Amino acid sequence: MINKIVKSAEEAVADIFDGAVVLISGFGEAGSPIELIHALIDHGAKDLTVISNNTGSGHVGLAALIENKQVKKMICSFPRTANSTVFPDLYYKKEIELELVPQGTLAERIRAGGAGIPAFFTPSSVNTPLAEGKEARIFDGKTYVMEHAIKADFSLVKCKAADRYGNLTYNKTARNFGPIMCTAANTTIVQAKQIVEPGEIDPEIVVTPGIFVTKVVEVTNPEAESKLVAEDRRYPCQ
Amino acid sequence: MINKIVKSAEEAVADIFDGAVVLISGFGEAGSPIELIHALIDHGAKDLTVISNNTGSGHVGLAALIENKQVKKMICSFPRTANSTVFPDLYYKKEIELELVPQGTLAERIRAGGAGIPAFFTPSSVNTPLAEGKEARIFDGKTYVMEHAIKADFSLVKCKAADRYGNLTYNKTARNFGPIMCTAANTTIVQAKQIVEPGEIDPEIVVTPGIFVTKVVEVTNPEAESKLVAEDRRYPCQ
Amino acid sequence: MPIIEKKIGWDRNQMAQKAAFDIPDGSYVNLGIGMPELVAGFVPEGREVIYHTENGLLGMGQIPENGKEDPELINAGKKCITAIPGACFFHHADSFTMIRGSHIDICVLGAFQVSEEGDLANWSTGKPGAIPAVGGAMDLVAGVKTIFVITQHLTKNGDSKIVEKCTYPLTGKGVVNRIYTNLAILDVTENGLFVRELAPDVTFEYLQQNTGARLNQY
Amino acid sequence: MPIIEKKIGWDRNQMAQKAAFDIPDGSYVNLGIGMPELVAGFVPEGREVIYHTENGLLGMGQIPENGKEDPELINAGKKCITAIPGACFFHHADSFTMIRGSHIDICVLGAFQVSEEGDLANWSTGKPGAIPAVGGAMDLVAGVKTIFVITQHLTKNGDSKIVEKCTYPLTGKGVVNRIYTNLAILDVTENGLFVRELAPDVTFEYLQQNTGARLNQY
C-alpha cells in the first residue's frame, strides 16, 4: 500500500543533508511551511542553498533558518521584506550569498525543472543587469535570454489537505509556489493542515497530483508567521 | 460589465478567417468541441491550419471539417485513429499537409505559446527522424532539441461549466488539451455544457481562469462523436 | 533641475484617478505596490476591471473588513485582500503565464526613472551594498501589453524622474507607454515624449523646465 | 532468421505476468496501447501500483461495467476506463511534466524492433506513403525512468525483433532497460543483452538462433 504519511515534522525532514538544495514554498508568510522549517532548524543540516521567493521576516520560519547560519546561499526574487533584518544583516557582512531572479523567471525555472525542460527563453530581464552574462537570442525580431531549470534535492511545501497518495489542495494565495516546487525536487516534503482519505479530494480539484509528493505530515494548527513576528517570537525559543 | 457569453455557436465562430491557425481541443472524442467545429463548417473558413492531437473519426466533427476541404495543414501527434479514413485519404492524395509532433512536445509548445516562452529544449525525439533539422544542444551531458512555441489565431475548446468571466471547469479526461489551448490563441472560443453565475465555481477549483477566454457559448447537450460515428452520421447532414 | 517651490499639480488620489480613467471597461489589470494600488479605488462607474495579483489571484476585491483578514489571502504587496465572486486562484507558473504571455492588458507601476524612450528603472538605485530586490517587475514590463507609470514628477531632492537616459539599473527597455505624474500625463511615442494633459496651473514651459528630457506637444 | 515451428514459450498473459512481477510496490506506471495493457491485470497481491494515462489521469482503474462507460473518461488507447479513489485529472502539459520530468517510474511499451544497445523503434515502419503517427511514445522513452518492452520475439514473418541495429525509424536511442518476449526476458546493459530468464523449453542456444543480436549469459 502506498502511504506517504509520516508521523512528525522531525521524521519528514530527517534525510535533508548538509549542502542540500532546498525549495521552500510561500510568498511572504502565505504558504510558508513554518513547522517544517522549524524541524529543519532542529535537524541542523547546514550549507543549504535555499530557493524561496523571499527571505522570511522576524526571527521565525525562513528568517530563523537563515539566522541559525544553515543557509549558504539564497535564490529569490525579493530578499527585502517588512520586518526582515536577518538576511540583510548577513548579506552586508557577506556571510550569505544571493542569486536574484525575477519572480516569473524563478517560477518558470522551477516549473521547467519539474517538467524535464533544461532551459528556455524568456523576455524578462532583457537589457537589464540581471541578463548580464546570459545567452541572448532573437525570435521573431524580439530579444530573449536563456534561463536554466532549477532542480532541488528537497522541497518543503505547505498545503491545505492531503491524502496518503500525496494528492494536495491549497488555501487561497498560499498556493503560490507550492505546486511547481512539488514537481522540482527529488524528495518533496509537505505539511498539510488536514489529512483525508483517498477519494475525499474530488479528482477534478486535486492541485498537486500525488506523484510529485514523497512525504506528508499533518500540522493541524500551523503557526501564523505574522502573529509570531508581532509577538517578537524566536525560533529556537530562547 | 464583462460578459463573454454569446448566443450561438454560429456567432462564436463568426470571426474565424481564411488561413487562420486554429487550436482544437480533444483527445479522440473526449473534449472535442463538436458543435463549434460544425459551426465552423457552416461558416466555411478555409485554408486553415489546425492543431489537434488527432484528426477525427467518421464523418463528423474534426473529420468532417477536414473532409469539407477547409484544412490546409494538420499539426498533430497521432493522425491515425480507429474509424478514421478522411485524413488518410486526403493525405495519400497529397491534398493535406501534416506536421507530426510528439504528444508531449505538442503540449509543451502550446503551453509555451500561452506563457510567452518562444522556445525551449526537450529530450523528446532526440536521435529520431522528428529531430532532423532541429537545433540540438547538450545540457549536463544529455542531448536536447530546441522546439518553438505554437501560437494560434483561434482556439476551439469544450468544457463542462463556465461563467460570464470565462472561468472554466472540465469533465474528467476531456480536460486534456483544453486548458493550455485556451492560453495560446488570440481568440479563445469555448463551448460549455453549463453556464453558471460568477462565484458558483469555487475560486479554488477553476481550471481555466477567465483571462484566457474570449467567448463562451452554452451547448447543453453536446453530441457524442462515437455515437454519431456508430450511426454513420455525416456533417453537414446529407 | 529647479526645485518646485509652490505646491501645484495633482495629488496622489488625483493621479490615480487619471490613470483609472484610462483603463477601458473589461481590462485585466495588475497594480504595482504603493501608489499604483490607489488606482483600484477610482474605476469609473459602469466599468468592470479585473485585478490580477501575481501571487496567484485573478479577481482581487476590496480590502477586508477589520477582523476578517486572512493571512493566506494577500496581494503582491503582502497586504490582506479579498476575492470577488468569479475570482480564481492559481500557482505562480500559471500566474506568470498571464503576465509573460501578454494576457494582462495593463500594468500600473511606480518608477525611480523613466527615459524618453520608455526605459523604466524601478527596482534598484544601484547603490553599492544595497540589497537588490526585483520581484515581478521585470516580468510585468516584459509581458504586459500596456505599461502605465504613476510617480511624482520629481524626486525628494528635486531631480526629474523623467530623464533622457536612465542612470539607475533598468527594469526594462522601451516598455513604458504612459506616465502619470503630479504635473502631467505623458505619452511615450516613437517620436519621443508627448504631453497628453497638463495638471491645473502647470504650463508646458514649466513642465519642460522641471523635466529631464525633451517634451513635445501634440 | 529461422522460423519457430512448434509453439513454445510464454503466451501473452504469461509475458504480461512476468513484466508485472518486476514492477515494485508503489510504482507509478504508464502502459502503452495493446499488449502492455494486459500487465495491469497481473499486479502481484500486496502491491499497489498507480497507473498514469498520458491523456490526463493518474490512478486509472479497471474497465467499467457494461453500460457504465463514459466517453469522457478514456485512456491513451481511447478505451473507456474508470478512476480509483485517490485519482486525479490534469491537463496535457501537466501530464507530460510527469513523463518528461522523470516522475513516472516505469513505462511498458510494445516494439517493432529493439537493438542490443536499447534503441527502440515502435512508431513507424518507415514505409514511404505510410501515415506517420507517434503519439506520446517519444516523450515516454525520453522521460520515464525505466522502460520495459513487451513484444513477441519474432515478427509474423519470423524476423527477430531483437536486432543489432534498428532498421526502422527510432523512437529513442539507448532507452530500453528490459525486454519481455514470448521466449525470454532480456536485460539491456552497457555490455550488451543479457538473458535474465528463459521461457520453459527454450534453451539459450535456441534463443540465440532466433535472435538478431548477440546474447550474453549472466
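Note that the chains are named A, B, C and D in the order they appear, and that numbering of residues resets to 1 at the start of each chain.
The criterion applied here is as follows: a residue touches a chain if its C-beta (ideal position, glycine included) is under 8 Å from a C-beta of that chain, and two chains touch if they have at least 3 such contacts.
Remember, it's a predicted structure, so these values are computed and weren't measured experimentally.
Counting C-beta pairs in contact across B-C and across A-C gives the higher total for A-C. Centroids of chain A and chain D (each the mean of its C-alpha atoms) stand 37 Å apart. Note on chain placement: the centre of chain A and the centre of chain C lie 29 Å apart, centres being C-alpha means.
With centres defined as mean CA coordinates, chain D is found 56 Å away from chain C.
In chain D, the residues that reach two or more other chains under the touch definition are 57, 83, 89-90, 93, 96, 99-100, 142-143. Across the assembly, chain A contributes 108, 111, 115-117, 122-123, 170-172, 203-204 as residues in contact with two or more other chains. Judged by the touch criterion defined above, the protein chains form a pattern that is neither an open path, a ring nor a star, and not fully connected either. Contact between chains, using the touch rule, shows up for A-B, A-C, A-D, B-C, B-D. Listed in rising order, the residues of chain A touching chain C in the complex are 27-31, 77-82, 87-88, 91-92, 98, 100-108, 110-111, 122-130, 170-180, 207, 224-227. Chain B meets chain A in the complex at residues 108, 112, 115-123, 137, 139-140, 142, 144, 148, 169-172, 202-205. Contact residues of chain B toward chain C in the complex are 1-2, 111, 113-117, 163-165, 167, 183, 197-199, 201, 203-204, 206, 209-212.
Residue ranges on chain C touching chain B, taken from their complex, read 25-26, 28, 48, 50, 52, 57-59, 83-90, 93-94, 96-104, 142-143.
In the complex of the two chains, the chain C residues touching chain A come out as 53-57, 70-75, 78, 83, 89-93, 95-96, 99-100, 124, 129, 131-139, 142-143, 169-173.
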